[in-house]
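Next up, some structures in structure tokens.
Both complexes shown next keep subunit A, but they swap its partner, so subunit B is in the first and subunit C is in the second.
On to the complex of A and B.
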């Protein structure tokens, strides 16, 4: 899946995560800022990576600002940002979230 | 060594500091001896001086212990005024022993530590930049955290020997009779400071309001005071306590509050003349509202309310639903103002409130306590001291003390953001599970298995959703996942005392 533009999804509200996805050429690079980075940093990165790979993105730069989001929220925001970045929002791929 | 709540305590530190591990919540009937302060005899008609610097030079030496109270909360000007001079005068190796530390004091404490002025601290708690500084190893000697009742006990027994107490007051007469109820910066009860006034070798009052002799009611008495220092402004009235207390609109907190009220009114303690203590959190305030309605409906009045007092509680006094308030501290302007006009709102000192080594403290007469928690584990141990990142950000306050109530209820949401509140094992044990009876979360109510009587009483009430605490822990884990364990260094940055002075847990330096 080709990234065409920068895609953003999510807010900076408590229990949400804001994900920004842009073009990259060295695998999935995640810059994560989180209040719970010590306890859940690895898990958050894993959910973002898994979601992108399931959607068919292998190279991307990801900037994530987490405010304590649960895994289901992280996956949903990642998918929305990815679909905006690939300009495919008109065909929601909700199957990725299963 | 391991103590009775299964915490590993550092052997070397324990023996160096001659500390004992926590054993039991039962205080028993030991015989103890109280110390007496030095008295510098004077006729003392006029103790007013203008120079705080002169007073410090006359009373303070390197290595001494200084104390303050925190009744001005974030409106405190006394602490920074005194510490500025102490730092300027180049004192070293002081022990800081305030009743607690509020955020407005943080920068000054850090500066004093960095300059070697303060080398030891005992306090009820610390938050913000200071908690972060200590948790990252900023102070060489471990901080000793004590509850309000334990601080009173430690001062009475000489474990904390206060050399100079600097006590800010909103009024005083020239001889040192003072209270917290009149002036520009009123805070109501002087409960924590009364112990310092009674036991410190030197008692220095700071006030912006010197009034005619004799000043009554005299919470602090002329018999106790060495100097009265006149300052421009002692506190910021707007920052002492919140103004009008607003009730929470958070549906989760309201649900918890309603459940807590159900627990109270269905307990064997809810009858004419019962007593209770609530905290100042959103859910606790809402409990007061639900409880008020139940008491009106059932025609029941309470003999007393205890603790840190808020306006919703003084409203109950005005309505006659509560007969007396036993008041060690006021959390808002309404409660502070109420003390001045209502003789049934009795000022109590920290010893009367909660000292375990007493001929009875008010907490021993308490039926129901409603307390909060940062974390509670499946053994009902409660943490109110360290955050989910392991950093110091809280205070014991009266938590361990009020937990002596006949029924202690912890209120907490199941999770906060991505952090579980109900966990397999708390980061820091502050209040032992043996003194906790009921946990109320929005997802269910757990009862300590040791309280078979409560389990039996509550299982007859169909409205109460009683669950096992491990079930709550698993619900929380299912929602947020399993966190990676926090990493600490071997260095102990703080000791948590139980109210009898034994060590219930330690806090280690966080690894970054």
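On to the complex of A and C.
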């Protein structure tokens, strides 16, 4: 899946996560900002990476600002940002979240 | 100057927060934390402002704030680019300053060569600019000439950039590059373009100097910065002071006296005045041929811009 523009989803409010996805050429690179990065950083990155790979994105720059989001929220925000970045929001691929 | 303003209303219809956007800069953010979780309203305001920017396809934003509020923005994913005792300058999103510098050619990285930089608005490019570049070109292995990107001058950004490229084409070790958002831009240094108080100019020039020292110079191995003395512009003379005190000793600051033609100091301000007065013949001694040709070919357009209110007495 080709990234055509920058895609953003989510807010900076409590229990949410803001994901910004833009073009990359060196695998999935995640820059994560989180108060709970020590305890959950690896898990958050895994959810983002899994979601992107499931959607068919292998190269992307991801900037994530986490405010204590649950895994289901992380996956949903990642998918929304990915579909915006690939300009495919008109065809929601909700199967990726299952 | 303000493009967009948001207000946050609580359940009782009371205004409890606000924030604004000018270009891609977040401004005038204020919230009350009364009857609210600390920081919750602040996050809502910043989110709303960023979502406005995303809606116009702008994914990179800045904030220029008092030093004590820098951490509040860091918590929301902003990265600090520079700070002074009074102020902090942060950015969020993409492309960021690392992307900016990594896109600039850097042939001498780690090679222990003499690399210098000059930042100029070149409104327009004069013989004074040309002689400053020539001097730097002789004294160094490589010279970066950064041209101010903000489009707030009589000569438009692409016109200024092209005239600098044409006027420096003979110097083979000179690279002409847009200064982007990070060198004398309306984000880092709005006072360059607007009449401002001494305090504000000092703070902004210090921030600009720190951005250069923290990011631009180290990633491009720049060890010298050339400046022209500024007998007429108060803003530029403050800028020179801030650069000298902050860049030294890591980066050598060389202040060069203004060059003269016909026993008169060459300044772009005077050239603009002559364009306004339609005295094109007098301009020739102050500007290189390339600039002269451009002015002659575009005289009407330039004079129309001045008539329409473009300020020509600033920078």
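Rule of thumb we're sticking to: the second predicted complex is superposed on the first by the 98 of 98 C-alpha atoms of A that agree within 3 Å, B and C clash if a C-alpha of one lies under 4 Å from a C-alpha of the other, contacts with A are read in each partner's own complex, and residues count from 1 in each chain.
By our rule, a residue touches a chain if its C-beta (ideal position, glycine included) is under 8 Å from a C-beta of that chain, and two chains touch if they have at least 3 such contacts.
Predicted model only: the values in this text are computed from it and were never measured.
When the two complexes are overlaid on their common chain A, residue A:15 makes contact with subunit B while staying clear of subunit C.
Legend: residue contacts after superposition of the two complexes on their common chain; A:36 is shown touching subunit B, with no touch to subunit C. Touch criterion met: A:67 reaches subunit B and subunit C at once.
Residue contacts after overlaying the shared chain place A:93 against neither subunit B nor subunit C.
In the superposed pair of complexes, A:5 makes contact with subunit C only, with no contact to subunit B. After overlaying the two complexes on the shared chain, residue contacts for A:50 are found with neither subunit B nor subunit C. Counting contacts by the rule stated earlier, residues 14, 35, 67 of subunit A appear in both its interface with subunit B and its interface with subunit C.
Residues 37, 40, 43-44, 46-47, 50-51, 54, 57, 59, 75-77, 93-94 of subunit C touch subunit A in their complex. Chain contact summary for the complex, subunit A toward subunit C: residues 5-6, 8, 11-14, 18, 20, 22, 33, 35, 61, 63, 65, 67.
By the touch criterion given at the top, residues 388-390, 416-419, 479-481, 483-484, 486-487 of subunit B touch subunit A in their complex. Across the complex, subunit A meets subunit B through its residues 14-15, 35-36, 38-43, 67-71.
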